[in-house]
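Here is the structure we will look at.
Letters A, B, C, D and E mark the chains as written, and numbering starts fresh at 1 in each.
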Amino acid sequence: MRNETQVKKSGFEPKILAFCCNWCSYAGADLAGTSRIQYAPNVRVIRVMCSGRIDPTFILRAFQVGVDGVLILGCHPGDCHYIDGNYKTARRIHMLKKMLSQLGIEDDRLRLDWVSAAEGKRFASIINDMTERIRALGPFVR
Amino acid sequence: MSDVRIGIFVCHCGKNIGGVINVPEVTEYAKTLPDVVYAEHNLYTCSAEGISSIRQKISEHKLNRVVVASCTPRTHETLFRNACEAAGLNKYLFEFVNIRDQCSWVHMQEPEKATEKARDLIRMGVAKARLLEPLEEVEIRVTPSCLVIGGGVAGMSAALNLANQGFEVYLVERDKELGGLLLNLNRLFTINGKAEEVIIPLIERVKNHQKIKVHTSTEVKGVAGFIGNFDVTLDQKGEERKIKVGTIIVATGAEVLKPVGQYGYGDKSNILTQLELEERLNKGMGDEQNIVMINCVGARIPERPYCGRICCMVAIKNAVLIKENDPRAKVWVLHRDLMTYGTEFEKYYQKAMEKGIRFIRYSLDKPPEIVGNNKVKAVKVYHQLMGKEMVLPCDMLVLTTPLIPHEDNQDISRMLRVSLSEHGFFLEAHLKLQPVEFATDGIYICGCARWPTDVPEAISQACAASAKAVIPMRRGYVRPEAITASVNEDKCSGCGTCVLLCPYNAIELQSKDGKKLAHITTAQCKGCGTCGAACPSGAISMNHFRDEEILAQVEALVI
Amino acid sequence: MTLEDIIKETKTYYCLECGKCSSLCPISRHNPSYSPRLMLEKALTGFEGDLINDQELFSCLTCYNCSLKCPADVDYPLFMQKVRTLAFAQGRYGVPADSGILQSFMRLMLNPAIEQRRLEWLSDEYRISEKGNILFFVGCAPYFEFAFEDFEAGALNIAKDSLKILNTLGIEPMVLADEKCCGHDLLWTGDVESFRKLAEHNARIIKESGAKKIIFSCPEGYRTFKFDYPHYVDLDCELQHITEFLAENMGKGMLDFKEVKKKVTYQDPCRLGRHLGVYEQPRKLIEAIPGIELIEMEHTRDESICCGTSAWTNCDAYSKQIRTERLLEAKATGAEMLITACPKCQIHFRCAMVSKGEEKGPDVEMDVMDIVNLVASALEDNGSE
Amino acid sequence: MAKLKLACYWAASCGGCDVAILDLNERILQVADLADIVFWPIAVDFKHHDVEAMPDKSIDFCLFNGAVRNSEQEEIARLLRDKSKIMVAFGSCAHLGGIPGLANFNNRTQIFERAYLEAQSNDNPDKTLPQTSSKVSEGELELPEFYDTVKALNQVVGVDYYVPGCPPPVPIISKVIDAIASQKLPPKGSVFASDKSLCDECPRTKGEKKIKKLYRPHEIIPDPEQCLLEQGILCMGPATRGGCGALCIKANMPCRGCFGPLPSVSDQGAKMLSALASIYDIDIKDEVAMAQMVEEVVDIAGSFYRFCLPTALINRRRM
Amino acid sequence: MNNSVLIIGGGIAGIQAAIDSANMGFQVCLVEKSPSIGGRMAQLDKTFPTNDCAMCILAPKMIEAGQHANIKLLTYSEVLSVEGEVGKFKAKIKKKARSVDEEKCTGCGICIEKCPWKADSEFDAGMGKRKAIYVPFPQAIPNVPVIDREHCAYFLKGKCRACERFCEAGAINYDQEDEIIEVEAKAIILATGFDLYDPTPLREYGYGRIQNVITAMEYERLSSASGPTAGELKRPSDGKIVSDIAFIQCVGSRDVRSNRYCSSVCCMYGTKEAILAYEHRPGTKSTIFYIDLRAVGKRFQEYIQRAEDEYNITYIRGRPGNIELNRRNQNPTIWYEDTTTGETKSLEVELAILCQALIPPRDIQKTASILSIELDEYGFVKTPDGLSHPVDTTRAGILACGCVHSPKDIPDSVVQASAAAARAAEILSGGT
């Protein structure tokens, strides 16, 4: 879990945007809630019907307006409610990460992961892990 | 854009939200957001009085956008959308902000952070709400009639179930008469009843049912349209007919694999498939004394990895019939696993053992070998469980082969725009959630066309498919959620990037005054947004999740 | 009786070839080349020759450990018995133990001309009667005395103590002078004809004696009279093992025991346990003796492990290993004495603890005593010692 | 009616746009009698102070090509903006930042080190670097300030119309001239190109948009008829405005996106990446294939932002 | 309730039949014995052959059934009697007192948090604990807790009342009584699922005697994220996380001494659970003892092939004789004959899992007599004309689907449920 001293010292509270798909990761986030699993408050979730809906433009725009990190959470491959939306997401994000590295944006600032509707604990651990990584990287200065 | 008047309702949810987030402060903050004309917080927005408050405030403040900040849309979005609709506001002008399951419940020890997060989330919700557009759920009328393709036991059972519920059925069968695979079966396992005893009465009931129009030696040439409005062209011996149906059930069955080139099949006279043995059993057996059956011929091999599910039972049933016909006959069944699953089949397997039928397990890497040039004289088999080679005298060799998909599944799949599984059978929408439905709405699948099944399973699937088809037909209309994609033809350059991305084949390039443009069949689109995200010209917009709306949320994240 | 008939009678055709019998068989756990399933597969696939001439055909202990758990309801020991009958008819038989002296005793008894001096051992302290309802079947105990020189078979003591206990209960059973071997070992090694002769003889003399009830101290005799004789002779007497009889009558206060401070464990003989289902009576009897602490072995009751040899045939290194392991299991309970209820178990266990010259004897020392001797020794010594 | 006053300027660009104007061939005469060129450093000898002397808004229209890379260019851009009624961003550099915009992958320090120190051809033992002002015997020399980030024209001054292309094709230039001449100008801010992507006018036949592998142009001889992207060649056509008449495509070369993004697209690179990744037909569980995909699209940022890095959402590399 | 169907059993089959009938416009009354619908499938972690999580499949259907206008949920209720005949059935249903007012309760869960009394959780197959006032599992529908009167201090000793004190909605009502509800229906669908065979009688396998011999359902709860060990495969004896395990197929199936039939699904769920082990801890070694590997459904064979190639799973054809305990490290030692080589060997593993048979629900006799339908020789529902009317029972108007009909996997149960709905629809529109 996050230790308090680390936060106080640097004082930097990362602002992280997460895209969650309605059927799996959003449901997993809700399950973390119903199971009262506590995690870092730095993430704001935008719900989309499928991770396949996320246009790389949204991610670039997020960094442009000063978000410190972007998290894409979709269904595990094979679980997608729309059969294979998450397969396209995987390819897009994989290519986008390479492009971002060329633009000097650290790899950890954009992360793609899979969370099923029953993995509340996994959702929380991803959020905490992402918050720590972004805190280590420091604020995203354009 | 008419002047936007947003109303926001923040929920305490008892202590669940209110206990962590400073709801009054957040509500005051919401009031400061642009275009927010009204904001209130209540103990339980989802309760009866919460709902009535929303309806009342919509008319009172002439709200044309509503934002509710409370639990999770997955369980309560429908509830609040209906409340808006009841107050005369289009239900898609509603945005849900999750400040319980994804905020108060998970940041209990950090109330100020939780409150700040709630403020951000509400700001994002309002930013999106401001750009929401009213959407009409397009009501698609459903013609209360169904096309059943395939007149086997599955097709006929589905047709009967539909007709008995008063729906008109067109039963189309490629062959001259109804019956399908069961016509040339002698007996059916488990109850050992004669195949005719099942199929003949079924055919009679189908033929005499005035609600069922039977079209034999007829093929389906083309299918256009979508759920509720399928325009089907039939080809009856060259003469074309057009019919209009609301739903389609595919029951085209499958065929028995002819194991040409395996174990000498085709060039040795006393080698048959189980199907040919059925005909021999129908007409009467010769005086063969030693019968050897080899199971898993052409199945569970790298080229065809699946198990034919019912071939073991067919083999055992025929073996029992041979023994009953001539107890002195010696029957060996060479197998690689005996798939007599369930209560009935296992009992039948025991009955076979009682009758003296002997089972030998062989392994894929040491298959049986045939002895004899123009006729099989013996079968050499390596008994895997004894680690010993055996030579079985053999007057008749029966090869048990699996059911394989018809070649023309490919054409039907392209015609109906439904997909095939890697084995060549039809691919259902979801193995567990929708086992007898296709991903495309309004088209259903049952029987061996979906996967090799025995008669009771085929009839169950047929009734299930009929149940699914009856739902839209009984209601008379379908109202798919308005979250669908739409193409702006002024922006679309017809590059075709979107066409193959759609898992539901809802997009195709149509030529319009000389130019190729993408066209989306709204009824088939499920609104996943994959095409919208990929369209390089930004010509596809996703209703209720438009680029502008999502970008507004992104921009609102950082003040 | 062809192999097919045997398969039908013993329902061997139900075999699922699952190997559960092999994994439960004490022999196949030690002898890698022995698998009851393979034996049976040879029958199912018609390799009669291999089956009949198989060296291991006579290794099966017929201890029922496999059939009791067989998911396909195959009566394997009966299958073995029937196949051995086929084999015997073709001159096949197992390797007799102790160079066949026991078999020769049995065969001698077949010869009517030979007079047995059977009751030599019967001193007058044991009161028997000419006429009566109850008959005590002595079995081959007298012959066992001479079969084994290098250790004390102790079979005769069992017979003596049985009489002693019966007398204490006021019962003076009949003991027949011309009683012959019950034929158990011959039947189980396939010599059905000899078995029939012995069965007919015994039935005749018992009928003549007018006995209504026969008490056995040897479970093999008890099983043979109860399950096998009915197929060959008709003899309607009530049959009971002595432990059953004592357990029934113990309660009447006739047997009062003195304290015996001893930790013991109990070996369920296959015939008494799995064949006949007698598990509780011997235990009730042992625990009735004050001061006795009965500790169960890990494999007990219907899961107890056979003493490793049956019908004096195919006793080999593997049988020795089984016995040794069983003794070690007995020792592991911390008991000082291993109680059994079958003269043969006692002989086999004692024989195992004696080094037979070629191999080093096991490092297991354990007193092995029949339950009858234990009970007799625990009686208040008002009777003659 | 009085002849119009035309100004042209060549900021951070290659000069191709100026040459393109001459490509009008005989039509240049029509321009000559339509307008007087009052400022065009490459072609006519008017000086900076001449422009300063002109009254504001006296120039009818100014064809400004080239991006803004240093303080001088910015100054002149502002000057011409004040002096001209219509400011036209002429060519990719002014419109989107163009090829010079790719310098945004580096900053001044890196550029100077490379140019003046590391470059093998240098002979610069005492490592001197250009300074905005330096004292020499003749007196004080001044140089314009070299910015870290290259900017497109509309990031410095207001722009009325955009003429895309590198260089803008002749038909479009003449269309601009006619529009100005006839005073029938499209709404402010519009781009003289098609609102649809190049695919709309591309002569090649389109089959299934599905690619297994991407080839560099030299690795494959493409079929002349079929869509290049479908043959596995990276063609920016789908994400680029049409209107150029598919010049490159007709020369059997893929489009490189010089006409910039479609009207409703805010980042050409992001959109092309999204389309390309979506139609890549590989199994995401196959790490090798996924790594292969990223390798095959050589220099992703460079290819997708070849002409429009300065106007992209993330318009420079973070140092 | 003119056009109405009574559905008994709220598992995946009952839910599917209810949704289909309701979507066809009929009124449905769904009766479920336990406090929440969801049935056996809710206890599963993942399901074969797709390995997608059971709850991801089940929750949407539960929510749809819970919110459907045409479906009346009667949970924590039992059918007492059924009179009449097809088209005119009258059923008496006892709705047991939950001691919580369903209208007022908002499912906030404070009462559960504050309740100090614990009991064995049936949902966790006895592996974990639950409170006296409880909801069987987090996603329960209806999300209204129930007070287990046998373990609640108030009902036992009249004190505590903690739940009442903390409940803001004032929903706790200790003197709520059982209610008898009359329901009319034209057709009845029986979908009461199955129970699991208790392997204790098979003493050779040591279940109940050897701690580290557990049943497949217990394993499923261990592996499930919402289970007692939050998904960590800790073995019962010392809580050690296991990495070398073995599965024994046909425990209680294809066995004269228990059930002679084959339970159809154990081969597949055995492999699935072995795959779960590998997923939880890559490198875990699993051995599966089988006699016929019955992978007959869609993509089942490939599933087994992948299990062998990628998940370090070894298949041995041989049915183990017995399991002995290695006292030193509490490891079960499995004795078996590898029938493909004829060798009798033993394998010591850290955890042995018995793939137990599916048996008819324990109260099937009572249900059958209430509905006066006949059962087959194994205790499943008898289908008189199995070939042409696979979901009918011996009584007109009463249909059966799912595992109460005979053991089958989830896809087949869902198909049969829809088939039962179709047959009921035929009856409701005047057919027979």
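Definition applied: a contact is a pair of C-beta atoms (placed from the backbone, for glycine too) under 8 Å apart; a residue touches a chain by one contact, two chains touch by 3 or more.
Just so it is clear, the structure is predicted and the values come from calculations on it, not from any experiment.
Chemist: Following contacts chain by chain, what is the lowest number of steps it takes to reach subunit B starting at subunit A?
Modeler: Between subunit A and subunit B, the shortest chain-hopping route counts 1.
Chemist: What's the chain with its C-alpha centre farthest out from subunit B?
Modeler: Chain C.
Chemist: Sort the chain pairs by how many C-beta pairs are in contact and tell me the top one.
Modeler: B-E
Chemist: Report the chain whose CA-based centre is farthest from the CA-based centre of subunit E.
Modeler: Most remote chain from subunit E, centroid-wise, comes out as D.
Chemist: Nearest whole angstrom, what separates the Cα centre of subunit A from the Cα centre of subunit C?
Modeler: For subunit A versus subunit C, the centre distance works out to 75 Å.
Chemist: Could you tell me the distance, in whole angstrom, between the mean C-alpha positions of subunit D and subunit E?
Modeler: That gives a centre separation of 66 Å.
Chemist: Could you tell me the distance, in whole angstrom, between the mean C-alpha positions of subunit A and subunit E?
Modeler: That gives a centre separation of 35 Å.
Chemist: Going through subunit E residue by residue, note those that touch at least 2 other chains and give them in order.
Modeler: Subunit E, residues with two or more chain partners: 50, 60, 254, 317, 339, 342.
Chemist: Which subunit A residues reach two or more other chains?
Modeler: Where subunit A meets two or more other chains at a single residue, that happens at 27, 34, 55-57, 61, 88, 92.
Chemist: Which parts of subunit C, given as residue numbers and ranges, touch two or more other chains?
Modeler: Each of 17, 37-38 in subunit C touches at least two other chains.
Chemist: Output every touching chain pair, sorted by label.
Modeler: A-B, A-D, A-E, B-C, B-D, B-E, C-E
Chemist: Across the complex, what residues on subunit B touch subunit D?
Modeler: 490-497, 499-501, 509, 515-516, 530, 533-539, 547
Chemist: Which residues, counting only subunit D, touch subunit B once they are in their complex?
Modeler: Residues 195-200, 206, 208-210, 237-239, 242, 262-265, 271-272, 274-275, 278-279.
Chemist: Under the touch definition given earlier, write down the residues of subunit A that touch subunit B in their complex.
Modeler: Listed in rising order, the residues are 15, 17, 22, 26-27, 29-30, 32-34, 36-39, 41, 44-50, 52-58, 61-62, 65-67, 81-85, 88, 92, 124.
Chemist: Can you name the residues of subunit A that touch subunit D in the complex?
Modeler: 55-57, 59-61, 63-64, 77, 87-88, 90-92, 94-96, 98-100, 102-105, 141-142
Chemist: Which subunit B residues qualify as touching subunit A in the complex?
Modeler: 72-74, 98, 100-103, 105-110, 113-114, 116-117, 120-121, 124, 439, 483, 501, 503-504, 526-530, 532-534, 542, 545, 547, 550-551, 553-555, 557-558
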